[in-house]
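Each of the next two complexes has chain A plus one more chain, namely chain B in the first and chain C in the second.
Right, the complex of A and B next:
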């Protein structure tokens, strides 16, 4: 899976699941603000990533994921 | 009329929330889909005798123990509780060997150390852990408790791993797990927290009701009504209507619309989100996450009516396993390999009992064939044959402890299907959503939802059983009234 594939798939998935306009997703945009995540819906994000990519994001790692770029990087580096 | 609080579902959690909030002056309405409230603690009558569905015994009712303060607050301490045998409230037969759990953490470990002298130190450490766990559950309600403390490290630890690392004798691991039909034992998922919770309050001390579990529901209902609350049965909520980011109405199948300020759902969280047809706040991500959670197994129950003056009352719970495979026995779909036998306290002071229940786990897979097209009492012969076969096997195993049981009794049976039809629990699950130490964030649910005026309660969130549901109701109500209010009520 290329970086481009990941970006496209993640964006489509999150836009669908969180019912947010795809155009708001830019590499430097903040994930929490864009998806309106609170402590409750942050768990939904973890669940979606885990279900789709079989990647488990520990709570400690969540803190380092701020922008969409961070999220793409995380998924790319953890995809075996 | 607009209600301060509308509670969907009149199970134990819904009734407890109704009691706490109506006592705090809130105008409460409880909408119950079934013919009677009570959920998993409701009882049913057959030939003049009352039989329990999910309730058999509770723990921790003495002053200072796990359930004492909560039950005093809820007006449930004065019910006719009967203390089970202090020297062996739970007794376990594995193969040909017998073991007993004594009441009190110290006595519990001391007595088992007589059977397993080499494990004395490990048993003491385990008893201490149980005691600490009971204290931690209570302390989480303190006004000083931190929000993040709700996920205990023990929720991220495997119960099976803890047991195998701390005890050397495999038989002892089976014995310590032997009373745990009160939860779903699964090596790959059960958190240590759930295992400790399912044992700790009972080891403090254990009690049966002289009467049936619906006495708990009836007491709560009476007090809710005295405090100005309303309970409506046969009220099937079909929709929770959201407007401008808040729930405004519960709409029932008969068209009745009930307006409320706050809504609490005591039904399964997945069923709850399905009631919210249109929402700006409940996203697909939340709905899908709840829909993907798995539920624990259900129970097959043989309820026996015993001929008068034939069986002496026994003041303990008897667990019987064919083999030392307590963690796996229920996965064999062909044979019954483990049962819990519970005896009903004679209500007339007689030394003989008239009722015995035998319980064993039963998976939803075995019931699926009759899932959609059948009703209670109208299922086909294959279903009847399956129930008869299972009942016979249960009674055969129980006869190791009660010889000749089948000759002095008649029985009724219930399966997860029955349970599903009467308590409306998805899959007839006995203990709600399966907790998983690998996924504590996802399998332990908060009372909060994306909609600010919708809270959850009941056995699916954090803890199950009478103690677990009661603690959860306190947590849910603390979201409305504040931790300090609840804490002060418990300390009164």
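Right, the complex of A and C next:
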């Protein structure tokens, strides 16, 4: 999977799951703010990444994911 | 001094329709909501009969993050409650300024619980359940969701009493308002309609297997009945004190004049006669009402062999020589279980307000017990001003309500 594929797929996945306009997904945008995530719905982000990519994001790692770029990087680096 | 308790709004999401007008017409025309489900058959159901309910679209009303907390039946309940509040002319601004409560009947959340635990087992991670799983999988999911969505600050309680759940929810609401502890309570019942919610019920061979004729399968009181058809949806009633309703200039539809209840203290699934009879008797006694004042009985009768017979005996015992008109609307809706007590009040009020009694469809031949009752097999134009509604459930829980026209 190329970086471009990951970006496209993740964006589509999150836009559908969280019902947010794709145009708001810029690399430097904050994931929590853009998706309107609170402490509960943040669990859904973890769950959907786990179900789609079989990647489990531990709480400690989650804290370091702020922007969409951070999220793409995390997925790219953990895809086997 | 006891307060009078009136019904000022009704809303429903059912196999007979999603508006009061649609449901009224379905009742009048003897429409059946029962269908055959190929999916259930292929998955191993002994009976693939069920009811068809439209999937509600909550997107325009509830944000994604809040919908995550709502299983199927809470979505039905939300739609029914929106309609009921509109029907009662009660808007959010009014709710924000007054203490409104909620008591709703619900007794399972099978599919939501199963889905969450399946994900947990697959990924061996509790986070895989998702953010909504805990709120979706509790029996009180309907009241917890609706209380937050409609910003309710009064009593917040779920009644779980099997197939008498929502009748008890109305009865409890009636008592709290009558005794002056609440001015207004949203009450009703919800029932999930997915196949997982009734797989175990199918397993104990309670369902009709008349699969070749789905609309003839639910036939309460008929000699050739062979089991119930599972249904679902949600029904909401707005209850308030008469003074409260008059003060806010609400439309007053009917009055709840009595509640009676009892336990069988007997078998978990097989009802007896004395438990239900005592529920009817106490309801009449508590309201100081004579049997002859009742113009219509909406029976619990679900189309099971023993249940219908025992109820027929109980009604005959209590009403004696007075041949009160009796029907079971489950002949059209199947058994709406946790929702049934509330939905059947709505069905009966629609009949009372529109001058007819919906026929007990598929009642072709009586058996020895149902022959003692005055069962209407077809819709009749009829005027009545007071009716009695029965709801009975597993474990021997019985609830009877009497409602008067206003």
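Basically, the second predicted complex is superposed on the first by the 80 of 80 C-alpha atoms of A that agree within 3 Å, B and C clash if a C-alpha of one lies under 4 Å from a C-alpha of the other, contacts with A are read in each partner's own complex, and residues count from 1 in each chain.
The rule is short, and it goes like this: a residue touches a chain if its C-beta (ideal position, glycine included) is under 8 Å from a C-beta of that chain, and two chains touch if they have at least 3 such contacts.
None of the values given here were measured: they were computed from a predicted structure.
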Chain B versus chain C as contact partner of A:6, first or second or both or neither: neither
Chain B versus chain C as contact partner of A:29, first or second or both or neither: neither
Chain B versus chain C as contact partner of A:16, first or second or both or neither: first
Touched partner set for A:55, first chain B, second chain C, both or neither: neither
Partner chain(s) touched by A:40 [first = chain B, second = chain C, both, neither]: both
Doubly contacted residues of chain A, that is, touched by chain B and again by chain C: 18-19, 40-41, 43-44, 46-47, 51
Of all residues in chain B, those that touch chain A in their complex: 283-286, 288-289, 292, 441-442, 446, 448-450
Chain A contact footprint on chain C (complex, rising order): 59, 63-65, 68, 119, 123, 125, 127-132
Touch list for chain A against partner chain B, complex: 16-19, 40-41, 43-48, 51, 59
Footprint of chain C on chain A - complex, ascending: 18-19, 36, 38, 40-44, 46-47, 50-51, 56
